[in-house]
Structure formats: structure tokens, C-alpha cells
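The data blocks that follow each hold one structure.
In the two complexes below, subunit A is the common chain; its partner is subunit B in one and subunit C in the other.
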Partner chain A sequence: MTTLVADPAEAAPAPRAAGRGRLVLTRLLAARGAVAGAVLVLLLFVLAFGGPYLTPWDYATPDFTALHQPPSAQHWFGTNGIGQDVFAQVVRGLQKSLVIGLLVALFSTVLASLVGACAGYFGGWADRALMFVVDLLLVFPSFLIITIVSPRLKSTGWIAFVLLLAVFNWMITARVVRSMTISLREREFVRAARFMGVRPLRIISRHILPNVASFLIIDATIAVGGAVMSETALSYFGFGVKPPDVSLGTLLAAGTSEAPVFPWLFYFPAGLLVLFVLAVNLIGDGLRDALDPTAGGGRPRRNSRRKKP
Partner chain B sequence: MLRYLAKRLSYYAVLLIAAVFLAYAISATALQPRTYFEAKVPRPAAESVERQLTDLNLNDHTPVAVRFGHWAGGLLHGDLGRTIHDTPVTDDFGRRVWVSLRLLLIGSLLGMVLGVAAGAWSAVRQYRISDRLLTLLSFVLLSTPVFLVALFLKNGAIAAKDAAGHEVVPFTGYETPGLTGGLGAHLSDWALHLLLPTMSLALHGLATYSRYQRGIMLDVLGSDYLRTAEAKGLTRGRALLKHGLRTAVIPMSTMFAYSFLGIFTGAVFTETIFGWHGMGEWLIQSINEQDVNSVVAVNLFTAVVVLVSGFLADTLHAALDPRVRS
Partner chain C sequence: MTTTVDTPLLAVRDLRVDFAGPLGPVPAVRGVDLTLRRGETLGIVGESGSGKSVTALSVLGLLPRTASVRGSVQLDGRELVGLPGRELAAIRGRRVAMVFQDPLSAFTPVYRIGDQIAEAVRVHQQVDKAAARRRAAELLDLVGIPAPERALDSFPHEFSGGMRQRAMIAMAVANEPDILLADEPTTALDVTIQAQVLDVLRTAQRETGAALVLVSHDLGVIAGTADRVAVMYAGRVVETAGVDELFAAPRHPYTLGLIGAVPRLDGRGGPLVPIPGSPAPMAELPPGCPFAARCPLAEQRCSTVEPELSGSDGHLAACVRSAELAERRPAPAEVYPVPEVPPAAVTGDRDSRARVLAVSGLGKTFPLLKGTVFKRRIGEVYAVDGVDLDLREGETLGLVGESGSGKSTTLFELLNLAAPETGRIELLGHDTATLTRAEAHRLRARLQIVFQDPMASLDPRMPVGDIVAEPLHAQHADRAEIARRVPELLRQVGLDPDHATRYPHQFSGGQRQRISIARALAVRPKLLVLDEPVSALDVSIQAGVLNLLQSLKAELGLSYLFVSHDLSVIRHLADRVSVMYLGRTVEQGEVSAVFDRPRHPYTRALLSAVPLPDPAAERARDRILLAGDPPSPTQRHTGCPFRARCPVYARLAEPGARARCEQEKPALAGDGHQAACHFPG
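Now for the complex of A and B:
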């Protein structure tokens, strides 16, 4: 034990095996990047959901006395060409982008874990059929399909857009879950459950999925960032969230052409977008180190390098 | 090795056929060329709309399977059908494919090579300043969507133009129209126009690949066989290059194949932003015009390129890893 802990003083209060949750938390708090990311995400959430109460302006109502005004005490992030308050718009757009990102990550992770676990656990033709679908969707340019189908979904609004993004976002995760399941399937506790007559779906939910949970948590975190990026990109080109609804993508689309002259229209949404995805990625990276000590960048290698004269 | 490659090739052929059929079915049902003709001014007669749709193989009263059969029959003779403006799709295809491939090939190769090199270098210098800087840079780049990188670069070029009073780096199109001069002038003009769009694609590849390569390389650096190689008298540099990098590149070859779609998606944005008349811009334009045959042609292009790059990755994998061949 003492050889494993870098600082003996640290180990003193908890000499015997601390719970895994506590271990993960300690490691996570030690990673400064992850802590900074978590604080940033929290702040952005507060901004997105508390922001509308901070400003008297509404995201849609124009103020005709202030057109194209730079940031000021009245309009914190300035106003656009028809006098709408950019702060109110950005906050509203951030809110929509965050909700879309979270929902897409949730749906796609659930789908990926179910498909991957079933393919890996059942094997045989079920595996082959599911993996063919995975390969097909990977070959198939999902972006093209979203752009083709999205004009038809105008009436159903952004929830359909969320589902569409999720449907094309789960394949690689499913592949990893599948290969993890294949090796878990032969482990003693899974075999014991099988021989005791536990039904397959129950084995998957009680024994397989909890054992791939740490991978799924990391993957879902990173998927939030990816989903927000896809959402903004598609909305930028008019294939995602559509006006009068506001997301960071539609704001960027509106601000691009005016960026050289009225930079606040472009750089505020752009900055918040990068900041949010960056924060999410930092959390994901910290989680990876905390949940999976064997992943790249671990401590032992640093020591082995040091041993070299 | 040949048997393995043949097996992969036949699997890809089946995937290609399935993917193209699916693309055709979705495009043919989701897009509505009928509305395009009916919206014409003056409004054409019903029979005329019907006849035009049938002539173009776009009539939604014909079952999708029949239309697909007709289209696939043409494809066997190298005919991709006709656009909604009644011109051959192959004309547009031939013109645009080189524009896009130039961007895609240079952008993705540059991203790949630089990413692998930067990742490996950064792993060897783990926790030094250069490693930390590269990590920070790649995190920021990974958190910026490609279209935003492209927009930042374009805004930068516009700002530079305003500051200098003349265009410093070109940011629209892929060549200067009506340029005179010899081959050298044309080549440098092309290269200058390529600079910003390629950068926006390559930067993203650089960030992604360097992260993965760094992680894999770190695992390799701690391995016993590398120490053995050094113990047997190889210099550290040679051991890293011959035994370290070779092993570390293997898992990356699969990534290269799957990343192509992401690169193409990025290229759709960069092409539109920088005014390149390539496949990506064509896609957006033809979706807005309900031009089914052109949309399917772009789909066919991406499916073929993805599978070709998948096959190349398999070949690379088999060449580097002797276990795969058996």
C-alpha cells in the first residue's frame, strides 16, 4: 500500500482501502483541468438559466433606440441591427445549445450501450446484423442525411432534431461497448449468473452495463461537447434550429457577415461556444484519468522514464 | 495477406451497395422535386410537370425501387442521371470532384502527418513545456467546430486586408479569375488559395490525432520491448522510430479510415465559407433545389471515398501488423 501512495501523509487518515467513489473523487479533484472545467460548466449553466432574469431585455423584442450599439451598461453585449439585446440572445442560445447537447449525449449513450451490450453478449447472427448496421451508418454520411431530412421536420421543431443527431452519434461507442462486453461475457461472475439461470437482459443490466459504466460516463461527457458542435454547425447552415428559435449556431450565422464591423455580434456567441466545449472536454479528460488509471498519461510511466540515466 | 484484403474488399462492396441504396431511398423520399417544378412561374401544366419528372427519373408516383433500378442501370454505364436543370450530373461531378479532392487530400494528409508527428514528439517530451503547450492548443482546437475555425481564419484574413490595404491571403475561391502568367504563377496562386481552407481542415486533424497518438505512444514508451531494443544497442532515436512509432501507428490506421466522414463534413463547411465550388457546396445547393440525382451523386462520392480510405487503412494495418495477415 505504502508503495502505491506518493505522499505517506496523505494516506495517513485513510489507511485502509477507501471506497472507489472516494478514490475517483480524490483523483478528480487532483486534476486541476477537470476542476476548472467543472467550475466553468457550472458557471455557464447558471448564466444560461439565470441570465434571462438578470437583464430587463427580452431576446426577441427590439429596442429601436439602440441599433448596432457596442457593449454598454444598458446592453451588456451590445445590440444587433434591429436593436435586439445580444446578451439576452446569447443567454437564450446557450440555454438551447446546452439542452440539445445534453439530450443528444443521453440518448446516444443509452442507444450505444444497449446495442453494443446486446451485440457483444448474444454474439452470432445478432452480433453480425447489429455490427452491419453500425458499419453502414459509419459509411453513410450522417451529416448528409440530417441535412436532407431536416427541412421536412420544420413543423416538429428541435426535439426531432435532437433525435436525428442522436441516431447518428452512437456507432463508435457501441463498437467499444461490444468489445468490452465480449471479454466480460467470459468472466466468472457473468458465467455464474448465466448458469444460475438469470435471464440475459437482466445479466446485461445488472452485470455487464455497470462494468462498462466508467467508459460510458467518459464517453457521454465528451459526446455533450460533440453534440453542441454538431448542433451549432448544422444550425449555422440553416439545417438545425431555425429562427425564430435561437441557438448559438443561429446567432453565429446572423453575426458572421457583420463580424468585421460589429464584432460583438459574432465573438460573444463564438467565445461562449468554445468555452463550453472546452470545459466539457477538460472534465472528460479528467474523468478518464480518474476512472481509468491505466489510460495514457498515468504516473508509472513517468517513473520508468526517470529511471533512465 | 491477399486473402485477408480480398475478404475486406468484398465486405466493403456489400456495404457500398447497401449505403448507396439507403442514400437513394432517403433522398428520393425526403426531397420533393415536384414542388420545384410546380413553383415555377408561370405555373406549368400538370401533364408537363408529370412528363418532366418522369424524364428526369424523379417522378414520385413511380415506386422508389423502380427509380433506383433505373438509376443503378445508368450507373453501370457511368451515367449518374440528370440534374433538376436537365444537365448531366456527371458534368458537375467531374468539375467539382477535383476541387474537393484537392482540399480533402491535402487537408487530411497534412493533419494526419502533423498530428502523428506532434503526438509522438509530445509523448517523448511528456510534462515538458512543449508537451503542455501542445496539449493546451489541441484542447482549444478540439473544442472549436471546424466551421468556426474557418470563420476565424477568414475574419483574420479580412482584418489583415483592411490593415494592409490590399489582399494579404486570398479568402474566396480556389484561383484568381483571369490570372495571366506561366505555370509557376498559377501554382503559387493555387497554393495561396489553398492555404486557409486547408489549414482549417488540417488543424482539426492535427488536434485529434496528436491527442490519440500521444496516449498510444506513452503506452509504447513504457513497454519492455523498447527497453530491450535499446539494451541490444539501438540508439534511443532509432529504437523509438523502428519499434516505438511503428507499433503506435497501428491503432491509428483504423482511426484514419473512420475520420474521413468528419473531414468531409468539415469540408462542406469550409467550401461554403471560402466560396469553393466543390462537392460540399454542391450538396447544400442541390438539397435546397430538391435535386435528388445530384444529392445521390455526392452520397456516392463520400461512400466510395470512405470505403477506399477504409481499405487503405486495412492494407496499412496488414502491412504493419503481421498478426492481421494470417
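Now for the complex of A and C:
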């Protein structure tokens, strides 16, 4: 067949067994958007956990000399109605929201892809049982259940909170993954793997999930923003983030009504949330392109797309 | 071109078609000249992407809006390019009619066949509904559809593929057009049905006196039908001549290569001659002759200027060395390098060799279910109903049959490694009914499969190295072994080991099929199941893959179970052949015996339906046309299931002999060369 004159300098030092993991990583690192997104998330973490040391103010302690003050040298992001420093509150809130947003998206996507792929791939009784659980969770009023179980979980802290949010957030994704899996299962490459004696769980992890990855990644990036916002609603039940503790969600909820008069109460937390979601989206886009070999290397190298061996 | 007294019916001059691409226009047709005279059949042959269909479609102005068409298409002296849609519509169907490749999508599924044909009549003729309907019935009768009055009220899905294609032809000739454009009219059909449809096309042409433009990738179809042939490559006509001339003395190396690359049913023509490389993408054609990179006769000047179509006495070729080829008349193998096939690793008498696969009386039924909430069984499909196979070490067994004959079901029954519904499967000495899970897993390593469509059978999201390593992982090979084996395998199938990090979409069709073969060979199997491995490939690529399979078999001592609907490929590759009809084995034996002296009437019909890429031989053959379509497998037939279409049964005069066919199911009889027929030839 055609012979490609490989550049010896390029080909020789590269290890032979560059598997998919390494290829995807190389492509991911070559995508500027993904790297920028990762740097942005990293910076947000630095701000969230380093921020409290930059300001003398505490997120809870009020400064009675400055009520509803706009941003100044003293209070960088201004103060709220009872004189709490908005910068201190925002960085404190960011700590919570970063962790909650990322973990909820991660847990719910992993759960959804596993349940959906298993239900779709195995079919039969496994499918019926798993879909029964999914439908059950879909019809259950999730807030009611959270209200009932929350008093018992109060002592366990934020990780239980993350899990609860994730548990009520994966069902629709799972249904979509299931139907995608059912159509993938009939594709020849999955059949080929089965005839080669590849085990079912390995087929799911090596063939099914990479082929639904584009959808999963988009879904996960949307879930990040969604989790931060739904955590606000849960705070009404006195569960999760409780005053005087704050999160970006509670800050936004409190600041929305005052936004026209005291814009700094709303726009600083909102801006950080937008930055956070944007960064996650950039990473997601990069990851999607890196996993999809037809996407052209993640970098806008236009002619590489048409390159033929 | 040749000068004629009258103006040609259709004259295409310097036709150029570009499609809008993301990086600017991509050419599809780059200056095509064609002339069609009244009543003549012009064959346009070329591989996928050569621009043959686009040329045909642009005559009728049927290209999508993203295409820009330049040049001239004249019908009886009237320019068609740039004609407004309203005026083109008056020509479409009236003067120029089209027969499409896929008749299922060419009919509207919600209207009856009769109404659709009557509509075609009424669009161009001032007749009332009843007259149009009568005309439609006449047309259906013309194309040989039984009970045309009843067929008028059928919906398209009630017709079989062959019937739909006939109805499509009936619709095309409804207004007695001057030109029939047939774009791959038989590609989706089985050979026996293809022979019927080609026959109908000839009848329709004779009845209406229309000129026919037949677009096909199949040299055999072209050889048997066309008067003149145009060979297209990379959007241009590279050679055009009368059909006999072209096949006897091709003047372009590409045509020569195409002829050498086609396996022949009559077993003549020697080893297959693959054309090296694959066509350059149309978006980035090199300067000079587009075929130069693949051409064994290329010279310095070929890569600078693209040669013009030139020549004498109606035989034109676009090659600087066409005169030399015309004079020397070399065989394909003299021009193209022919790969050496190493001597077989397994030798010795057939009976002394180990039995790799033994199948007897295999049966498989699928339930026919009805109802949405409560499914109830309303019948059964007898997909496989008595298959016997016998495959020895180092042997290739060809499994032949038309679609619906149960070939694929048979394969999947073998690959399931479970107890079959009925019958017995013995694989490498193990009865599949008694296998434990661990044994079945071990056995998987010794039995591998290559699928038909290499794009579908390779995971698009996995680099080639991982794809090839997958069966090794499945058999728990260690990392060092895998790292060593993958480059070795890629080299073995003729790919560059450095390409292991590429993804399947970066390879051409033939290369993908090679990857598929490399994956199958990874665990050093004894038996390779090949499910139509070359039917998705172009002829010139197919030859390379077939040669590879042949040399791998000799080198590694493999056994192949080769499933194909293409008898020429089987003849070329297989040692023994097994013919299936309606889920049953009807004939089996040595390839030479079965192909030269077929005993079952079905095999005889099948063989006679395969077109030969040799016009003289094709005309000299007498053809056995089978009537009708294969019957439905949902009923179990008493007696011989082939009876309804059997020419031998139809000729039987004696009532006793007829009764035997009607009541007694014939068993495979004979030794070595077996046939399941009461009256074998």
C-alpha cells in the first residue's frame, strides 16, 4: 500500500506502545482551550484557598463601620447590609462551590454512564432492574427525600451533601447513555470484540464509553453549573451550607434582589461562577476533541484534517 | 471524437463539477467529454470517487446546490447546463429518465406502485387516470412483473429488491425517453436478480429504442451490456473505446490494471494484479497525471503535464504511452508487479489433514413476533435449515449464497461457540455443545473473524495499535509480548508499524481491511472466518487484499471460511466451495469440480448469472435466467425448496419424477462433489 516516508527523527525516540491514553493526553495538552481552562480552574482554586489570607476580614465577622459600602481599598469587593466583607465571603463561597460543582458532576456522570451502559449492553433483566431504579428516582420528589433524610446526615458534612446532589442528578443522562449503548451494541466493532473474547465490562469501558464520551462530557460540564445552583435551593432546608457559612449559590441568592441597588453583591459572585463554568467548558471541549480522533488534533491546524496516510 | 453524420443525441463537452468543501471547492468532475448516439449503450466504469455518478446526475441537473457545474451538456443540440428548473423538469422523465441504485428510496413508501407510475405518465402526457393506469399495467408487464394488475395496488415495501428495480425501470420508460440513465442499477442486488434486471433493461431499451448510459463499477456488467465504454479516474475520462477493443487492448495503464485486478469466474487470467496505492484525494490532486503515483509505466513527464484524451479510430486514451500499449498489448501481469505467493505451509493429502471445522445438520430458527405489549409467536423464520460443512487444515472453504440464504446466520452460530439449536458443530476437535466457559474463551483465540465493512468493524475512537492489540489483551498476553507483536502484525499485512498511533479514519478502505486482518491474526488463530471481506472495496484495492489473504494462508497454514456472494472471488481464492440456498447446503465440493461441472440446477443458474469481464465470452455464453425471487423462509417447504424456480423441475414431464421433487427433500449425495438434487446434471 502507500508508504509514508516517516521522519526518522520524529519516529525513532517515540515509544512503540503509545496507547490511547497517552495519545489522548498528548492531544489534550496540544489543545490551547483545554490548557487555558485547566489553568483557570487552578487559579480559581488558588484564589479560593489563598484568598482568605490576603484580606484581614473574616467572611462572618461584620464591620459595623461599613454597611452596604461599594468596593474600596479597604473592602475590595465592598460590604453587604450587615457589614460583612464581600471578598472574604466570595472566596469562602468559592471553596465550597468549586468542590461541590466538580464532585457532583463527576459522581453523577460516572454513575449515569455505568448504569446506562450496563443496562443498554446487557439488556434483559439487568436492563429492566436498572431502568426501574432510574424511573423510580425520576418520579420521586427529590427535595422531599432530601428533607426527610437531611436531619440524619447533618453530622456527616459536605461529602454527604455532594453525594445526595449527585444521586438525584444522573437519571436522565443514564437513560440517554442506555439508548446510545443499545445502538452501539449492534455495531460491528462491538460484535468483533465480543467474538474475540473480550469481557463485557471491558467492552463497556474500552468501546462503549469512549464512543458516548462526547455526550457525557457536554452533560458533565452542564452539570457543574447546575450543581452550584441547586445547592442554593437546598440551603433553604437548612441543609448543606448554613449561615453564617456561605457558598457562591447562597451569595447569589441573597444578592439577586439587591443587584439593581448594590450591584457588587451580585456581580462578583456571579462573575466568578461564570468564570468557573467557562473554564470547565473549555476543558470539556478540549477533552471531547482529544477523545474524538476526527476532530483534527484540537488545534486549528486546518490542513491536518485532510491528511491521508 | 469520431465524426458522425447526424448530431449526437447527447453531447457532453468539458463538463466540470466542483463541490463546495470546507477548504474551498473540491473538484468531482474535471473536464469530461462524452458522446451518446441514438440507441447506443454507453458504459461508464470507474471506482468510487471517480466522478461517474456525478457525471450522470449533472446531465439531468440533479446535483445539490453546493455543486457548481460548468461546461456544456447538449441534448439534441439544446444546451442543458444552466437551464431553469421548470424547463429541465419537462425534460426529466420525458426525454431523459433515470434508474437509481437504491429502488427502495427512489419510490415514495406511502403511495402505491401503480399510482407512482401513473403519475409519471400523467406528468408528461395528457391522458386521463384510467388510461394512465392501463399504461402502468402495460409497463409492469413489459418489465416482467407477474400479475401486473395486482402489482399496481402494491406498496413499494411489498416488492422485493429485484421487483422494485424492475418497477423503477418501468417508471423510467413510461414516457419512452430517448435516454435512460442507469446509475449502478444492479449493485444492491444478488447475481441472479442482477441478471434478470439487466435483461429487463435490455428489453426496455429494445422496446423504446432509447440510448442507455450505464454507470457501474462492475467490469462484468459493463462488458455484457455496453457498446462503448468510458473509463473514469479522478474525475476524468482516461480511456474510451468500443467494448471489445477496450477489453482486448486497453491503452491506458489504469484500464489494464482494472482488468487484471478482477478475479474471473472462468479461472483464466492468472494471478490477480493489484494496482498499488489508492486514489489521491480529489481535494489535493498532484500536478500532472493523477494516476502517475500508482502507475508502473510512469515517467518523468507524467508528473508535469496531465495528458489529453487522444487516439485514433474511436479508441482514445489519456496516457503519454498509449501508443506503446496499443502496439505491445501487454497482459496486466507484464506491466504491474505481481506478488509472489509463498508455497503452502500445509501440504499432504486432504484426508490426512486435521479437521478444523465440521458442521452437520445445523439449524437455526428465529421466532416471528407480533404485538407491542404482549408479544406472541405467529411463526418462525427458518434462517438455517440443514447446513453441512467440512473444512480441513490449510484449506479455504468458500460459502456462497444470495442474500437471505443463511450465510451470516451460519457464521454467527459458529462464532457463538454454544450448542446450536439443531445439528452439531465441531471446531478444532471440540464439540461446541459441551464447552465450558473457560474452554470457550480459549477456543476464541483460535477462531477469529474479519467483517465485511472495515469502517464499521474498527472502533473509530481507538488507535490502530490498540485495535490490533485487543485480542491479545483478551487472551491475557503480557505487555512485552503485545509491544513486540503489534508492529510485527502491521508489517505482516503490509502497513507501516509507525502508523500504530493513527486512528482508523486516517486510512483508506483497503488499509482498514488490512488492519482488520492484522487484528484477527494477532492471537495466531487456526481458523479465520472472513465475512465478505472484500465486497466493500474497490476492484483495484480488492485484488491487493485477496493476494494478501492468499499469501498469509500459505505462510501461516491458516484455514479460511470465506463467505461471499461473489462467485468470482470464491473461484479465485477457495479450495472447496459450499453453495447455500434458503438455509440449506445444496452443493459442495472442490472449486474446480463445482465451477466447471455444477450438478445442482441452482449452482448452474448462479454461475451463468455472473457477468464475465470479457465481452466476447460474455456474448457467447448461454444464460440460465431463474424465474422470480427466492421464496420466503418463513415456511418450511415440502420437497425440494428450489422447485418453484428450478428449470430442471419445469422440464420434467414424467409425473412420478415431479412428485419426487414435490414430496421428497433431496439430501446431499455423492462423494467429494455432493449435490442435493434428485436429478443432478
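In this text, the second predicted complex is superposed on the first by the 164 of 309 C-alpha atoms of A that agree within 3 Å, B and C clash if a C-alpha of one lies under 4 Å from a C-alpha of the other, contacts with A are read in each partner's own complex, and residues count from 1 in each chain.
One rule holds in what follows: a residue touches a chain if its C-beta (ideal position, glycine included) is under 8 Å from a C-beta of that chain, and two chains touch if they have at least 3 such contacts.
A quick note: this is a predicted structure, and the numbers were derived from the prediction, not measured.
Q: Please work out whether A:Gly124 is in contact with subunit B alone, subunit C alone, both, or neither, and reply first, second, both or neither.
A: It touches nothing on subunit B or subunit C.
Q: If we overlay the two complexes on their shared chain A, which of subunit B and subunit C does A:His207 touch? Say first, second, both or neither.
A: Second partner only, subunit C.
Q: So, A:Pro56: does it touch subunit B (first), subunit C (second), both, or neither?
A: neither
Q: Output check: A:Met196 vs subunit B and subunit C. Expected answer is one of first, second, both, neither. What do you get?
A: Second partner only, subunit C.
Q: Just to be sure I read the superposition right, which of the two partners does A:Arg187 touch: subunit B = first, subunit C = second, or both, or neither?
A: second
Q: Using the superposition on A, tell me which residues of subunit A are in contact with subunit B and, in the other complex, with subunit C.
A: Correct list for subunit A: 302, 305.
Q: Given the complex with subunit B, which residues does subunit A contribute to the contact?
A: Against subunit B, subunit A makes touches at 132, 135-136, 138-145, 147-149, 151-152, 172, 225, 229-230, 232-233, 236-237, 252, 256, 259-260, 266, 270, 273-274, 277-278, 280-282, 285, 295-297, 300-302, 304-305.
Q: Residue numbers of subunit B touching subunit A in their complex, please.
A: 15-16, 18-19, 22-23, 26-27, 30-31, 126-127, 139-140, 142-148, 151-152, 155, 158-159, 162, 214-216, 218-219, 221-222, 258, 261, 264-265, 268-269, 272, 283-284, 287, 295, 298-299, 302-303, 306-307, 310
Q: Flag every residue of subunit C that touches subunit A in the complex, lowest number first.
A: 22-23, 276-278, 280-281, 283-284, 415, 441, 444-445, 448-449, 451, 453, 456-463, 465-466, 470-471, 473-475, 479, 482-483, 486-487, 494-503, 505-508, 510-511, 514, 519, 523, 544
Q: Under the stated contact criterion, what part of subunit A meets subunit C in this complex?
A: Subunit A residues touching subunit C: 1-4, 6, 11, 14, 16-20, 23, 187-189, 191-193, 195-199, 202, 206-207, 210-211, 213, 291-294, 302-303, 305-309.
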